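After this come two complexes, each holding subunit A, first together with subunit B and then together with subunit C.
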Partner chain A sequence: MAVSAVHLESDAFLVCMNHALSTEKEEVMGLCIGEVDTNRIVHIHSVIILRGSDKRKDRVEISPEQLSSAATEADYRLADMTGRPMRVVGWYHSHPHITVWPSHVDVRTQAMYQMMDQGFVGLIFSCFIEDKNTKTGRVLYTCFQSVQAQKGSEYERIEIPIHVVPHEAIGKVCLESAVELPRILCQEEQDTYRKIHSLTHLDPITKIHNGSVFTKNLCSQMSAVSGSLLQWLEDCLEQNRKSIIELQLEKERLTQELATM
Partner chain B sequence: MEDSNSYIRVSGFVLGSLMFQHLNSDSDVEGLILGETKAEERSNITDSQIDNIQFEHTINIQKHISCRKLNSFYNRIGEVNQDEIRHILSNYKEENVIGWYKQRRNTDQQITFREQVVHENLKRALSNHELIFLLLTPSEITTSGSTHKLEYAVFRSHGSQYCSVPVLVSNLGLLEEQDYWRLSASCSSVNYNHAVRKHRSKFFSSDGSLHEVDEINDMNNSLQGELKIACKKVEESERLVEKLLADVSDLRRMVNDRKQELGEISADGASTPAQPQENVLLCEVIKTLFPGASLLQTQALNFQGFPLPEFCCSTDHGIDIATTLPLILSHTLPKARKGRLGRGGGTSWRKRPLRESSEVPKRRKGMLEETEESLSVSGSETEEDLIPANQNGNDLDVSNSPVF
Partner chain C sequence: MAASISGYTFSSVCYHSANSNSDHEGFLLGEVRQEETVSISDTQISSAELLQVVEVHNHEPCAQLFSFYDYAGKVNDENLNRILKDRHKNVIGWYRFRRNTQQQMSFREQIIHKQLTQLLGVPDLVFLLFSFISTANNSTHALEYVLFRPNRSRYNQRVTLHIPNLGTTSQQEYKVSSVPNTSLNYAKVIKEHGAEFFDKDGVMKDIRTIFQVYGALQDRVQAVCGEVEQNERVKEKFQEEVNKLKQQIALRKQKSAEEERRLQEAQNPEQRPTPEENSEPLETSLLSRVVFHTPSTPERLGPSANPPSYADLLSLQDDSLLPSLSSPTSAALLPRPQAVGSPGHPSPSPLGLNPSPAPSPSMPYLGNGDGSSSDSLDRQAAGQEDDDEEEEEDDDDDSSEYENLVSEVAQLPPVTASVLAQGRPAALSPDGDASVLGSQTS
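Here is the complex of A and B:
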């Protein structure tokens, strides 16, 4: 086995979960940035949210351009901050309303990535699952790689242990990744609208209708994503302000105690 | 006919934030939930019913406030401390509290009895009968540790019953997305086109873009700007919190190290390891009152809390109890020999002598009861009156204390 385990920093996990929970209508995806140590443990320090290149709601694929761009970002942004070389070490995607286990397409996609990099890992976040009897909601996440099946030319999945590593504070790169989500959603919508609006054969009524659709869709994003994200950031700030006051008092108390000893 | 439906709505960011908090903690976590409640009445008229009223009760979870430690706003019997709640809430108002939450690993997704007690007391303290309890229970579902799950449910009490309320995670998918039209309907009416052209300028700017689209794009850009500012502020505060946590951790370590250094140095300056002092007076009294009762004389307990008889003090401290503590002996049997009490029990309440420490757990309660009984027997009866000589089979020619 090329990889023995995956250690996912909790702030990177937070970004993945926020992304997965942003929509139940389609699968979302992103890339994992980190490093691999000598014990073949993959350390994921941050993630990059991606736009879906295939707009089919049940398929996710990463374009070569996205991979290249992510690799560049890993090199410059995260490596610069940590002082260690960082690279793309895996990918994640969501399974809204469906089982956490990878489909045969997912396993094949993973196998393809492993041809480039044996240590490449796949994460899946299954969400919006509800037990109708007990009204209990459920979120699951799994980590896997692919191996050639013993019989035939197909691939099968192998389980990779994953541990979420505590990270008390949210890192700068993860925060910036988190606020990328509304920007990416807006960009997707603007690109779609621009293509439609440029069609010359549309009459004014159709254009006004499409403008309203764009307005409605953007309002949905602002309400469901941007607004909630801004609320969460403001709550974090408030919580941190209280923590800072308490920690400063504790620091003064300990300093005085040390001085009197 | 009336129907009532209740729902809990929570954003994915709040749910993610709750998970993040628990992942960074090695124990259970709990806190308060703030939000608002909305009720809506809808009237439906169908072919079969003229009056079908539906009540929709939606509870929106807007944020959570975590408690620094467990059991902070309630005590061991579940009584709620309102002062502590106000302290936790800080600038937030009590009326915004719609519930509380708890996260515990590898446990059942069921509200425990203690949580129920706390919940009822919190309802009374906050005067909120619609108070909710959000329970999150993460666990591993594969032995390899490759797959994990988090279950979450909201409970609300109706009398003595607790029922769960459906939870909806707000997301983009809940909002209907309309499709763009790629083709226009064909209409050759002259008057239709005339009417459209007449009002066209109200919708379109000179470059052909729609006013509405420009306005909403501007609004969205402002919102993105606010997000960037908030992100920067949060990032700065996170770095400060990180630094303070590291400073406090270093200071705590230095204080502990210093305390250890000071603890190892005694008053005369000599370096002596700290040793617990033996209470020699107590040791001698127990030997006097209960000779041979190694379970009472032992100074060591095992991890289960049961006495280990092999750790008795065998040192003769040279203290004469009759002289030092005469009052203790004045309550014992009058013909007790010097320094020793006799066996204080009749055959009716005598137990088998304890042979092995492994028997201790089963008989501990009985032993304690007998101890109390033996001490209460005094005055009128002597040991010789109670037990015929040598009937106990004991080879010693001195009387023994009650056998346990």
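Here is the complex of A and C:
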């Protein structure tokens, strides 16, 4: 088998969760950037949030252009920062309100990616699940690859162990990926509006209506995403300030202890 | 009662929990509002219902367990204030993350909750419980969360936790065609007065304005992000220095322990080591390891260290327990559940799970993820939470290695065994047995 396990750094995991929890109405997706070691373990160091190329709720497919530009980004920007060659090693997408297992389309899509890279892995985050009886909410995540079934030409899923590896601080690349989300959402909205705006046969009232829809959608994005994002960033600052003070104290204490030994 | 938490706060709790190799806990900050809903029914003109809305704005993670309470569950007011400082008044609840345990408040959590309710002066303090569970081959993991209102009556204690999100920003709301209308009056009026909305380029003024707001917001997000990034690097550097110092101290302790042992052996060269004597230095080093590791920040691999390979893992567990216990630094090489996974190939699992690929889920306890009740599933994990380093079971496929650990422990003097037995992670096996593993202090 090409992949023995996947180690997902916790800050990359954080960005995936942020992205998956950003909307319950459609599936979101992104690419995983990292490296594969000699033990065939895939290490995912960061993720890139992607725009949905197919607005259908139940399908996620990455266009060749997206894949190529992500690969370029992985090569230059990310490798530059970490000092090691990084590449696209997998993809992730979300399953809001649905089971975490990949659909037949997902398994086929994964098989396609595996044709160009045997070690390509797929991650799925299932969220917004609630058990009404016990009022329990659930978030699940799984990792899989595809193999050809014995009979016929259908593909089947195989399970790959995945572990979230502790990463004490949030990496620069992950932070930058996280703040890309509002920009991507705004870009999508602008593109849709531009197409509508170019329709010349609309009367002024309809144009005002459409403009208001754009305004409304942008407001929704700002309050649901940008605002929450800012709040979280500020909380990080606050928590870090405290941690740094505590770490400084501990460092002094340990230095003293070492000196007395 | 309704409750909500932002997706970013939720992810942040998951992130801090993933970084800790034991239970994780912290406080929930936010506000509680009363919302009035007026309804009209046939019997009453208007009935106002008061709905309490709990909004979690952010969380305050505790760096380690037992930071504001002791082993008896007594809350220390001083420590509590030190952790919360001026955010005291914003506390609306607290949370706990544990692995492989039942979704019920433990006894200690209940008594802590009562004390917190009094000390913080929040009559309806809430408790958010996160429990983490995985399949035997570690390919699928579930994080379950329940919000409790323990200060209410025995019934209705659970509250649905809502995560607000983008939801319905539907782009289907754009109109691609106008309602057909040939009225000249209509066309004239809307053209004349509608022109107010557009600037000379034919772009709606509102759009330009809202775009400016968005631009300013995004710029601010970038700026704060830059600050956070710098902060994280500073924190990382301090963490590395602290880790290095701890390693140095551990090395010194190890060296002095070895020197002591050599001195003792040099003084008594005639005596053959008996089992009791042999275990003496073991006991001290074991105890010192235990003391070293609890309850301070758990030792962890530095960011540059790679998790041990699967080959290393298996060879470590094959060796006898004794050598690996004598040096605290080799403790870093013992398997850490998050960092190490089981081999990818389906292994003969004694737990009876079907590892072969199948479109239908092979985990009995997750059902089909569409909200079906988990009560029907066999979750007989013992409700014991382990407040020391509770670890996910690793290498589930070969539970016999854990039996070896237990038998090794049994040979040691009773004092040591009881120290180790303080925390016993409960193992979840889908076939219903709650097998108790020998505690593995790493």
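Just so it is clear, the second predicted complex is superposed on the first by the 255 of 261 C-alpha atoms of A that agree within 3 Å, B and C clash if a C-alpha of one lies under 4 Å from a C-alpha of the other, contacts with A are read in each partner's own complex, and residues count from 1 in each chain.
One rule holds for everything that comes next: contacts are C-beta pairs under 8 Å (C-beta built on N, C-alpha and C of every residue); 3 or more make two chains touch, one makes a residue touch a chain.
It should be emphasised that the depicted structure is a prediction, and the values quoted were computed from it without experimental measurement.
*Asks:* Label the relationship between subunit B and subunit C on subunit A in the superposed model as either fit or clash.
*Replies:* On the superposed model, which is not a single observed complex, subunit B and subunit C clash.
*Asks:* Quick check on the superposed pair: does A:Gln231 touch subunit B, subunit C, both, or neither? Answer first, second, both or neither.
*Replies:* both
*Asks:* Between subunit B and subunit C, whom does A:Ile184 touch in the aligned arrangement: first, second, both, or neither?
*Replies:* A:Ile184 sits against neither subunit B nor subunit C.
*Asks:* May I ask you to decide whether A:Thr136 touches subunit B, subunit C, both, or neither, giving the answer as first, second, both or neither?
*Replies:* Both: A:Thr136 reaches subunit B and subunit C.
*Asks:* Between subunit B and subunit C, whom does A:Leu175 touch in the aligned arrangement: first, second, both, or neither?
*Replies:* both
*Asks:* Could you tell me if A:His7 is touching subunit B, subunit C, both of them or neither one (first, second, both, neither)?
*Replies:* In the superposition, A:His7 touches subunit C alone.
*Asks:* In the superposed arrangement, which partner chain does A:Ala71 touch: subunit B (first), subunit C (second), both, or neither?
*Replies:* Neither partner.
*Asks:* To test your reading of the overlay: subunit B has the stretches 153-161, 279-287 or 351-359, and exactly one clashes with subunit C. Name it.
*Replies:* That would be 153-161, the one stretch with clashes.
*Asks:* Quick check on the output: what are the common subunit A residues between the subunit B footprint and the subunit C footprint?
*Replies:* Residues 5, 10-11, 13-14, 17-18, 21-25, 100, 127-128, 130, 134-144, 159-164, 166-172, 175-176, 178-179, 182-183, 185-186, 192-193, 196-197, 199, 201-222, 224-237, 239-241, 243-244, 246-248, 250-251, 254-255, 257-258, 261 of subunit A touch both subunit B and subunit C.
*Asks:* Mind listing the subunit C positions that touch subunit A in their complex?
*Replies:* Against subunit A, subunit C makes touches at 6-12, 14-15, 18-21, 57-61, 63, 103, 135, 137-147, 158-161, 163-171, 173-179, 181, 187, 190-191, 194-195, 197-198, 203-204, 206-207, 210-211, 213-214, 217-218, 220-222, 224-225, 227-229, 231-236, 238-239, 241-242, 245-246, 248-249, 252-253, 256, 300-301, 303, 306-307, 309-311, 337-345, 355, 357-361, 366, 368-375.
*Asks:* Can you check the complex and tell me which residues of subunit A touch subunit B?
*Replies:* Against subunit B, the touching part of subunit A is residues 5, 10-11, 13-14, 17-18, 20-26, 96, 100, 127-128, 130, 134-144, 159-164, 166-172, 175-176, 178-179, 182-183, 185-186, 190, 192-193, 196-197, 199, 201-244, 246-248, 250-251, 254-255, 257-258, 261.
*Asks:* Which of the residues in subunit B end up touching subunit A in this complex?
*Replies:* Within the complex, subunit B touches subunit A at residues 11-17, 19-20, 23-26, 62-63, 65-66, 68, 90-91, 109, 141-142, 144-153, 164-167, 169-175, 177-185, 187, 196-197, 200, 203-204, 209-210, 212-213, 216-217, 219-220, 223-224, 226-228, 230-231, 233-235, 237-242, 244-245, 247-248, 251-252, 254-255, 258-259, 262.
*Asks:* Could you please specify the touching residues of subunit A with respect to subunit C in the complex?
*Replies:* Subunit A reaches subunit C through residues 1, 3-7, 10-11, 13-14, 17-18, 21-25, 37, 39-41, 55, 97-101, 104, 126-144, 147, 156-172, 175-176, 178-179, 182-183, 185-186, 189, 192-193, 196-197, 199, 201-222, 224-237, 239-241, 243-244, 246-248, 250-251, 254-255, 257-258, 261.
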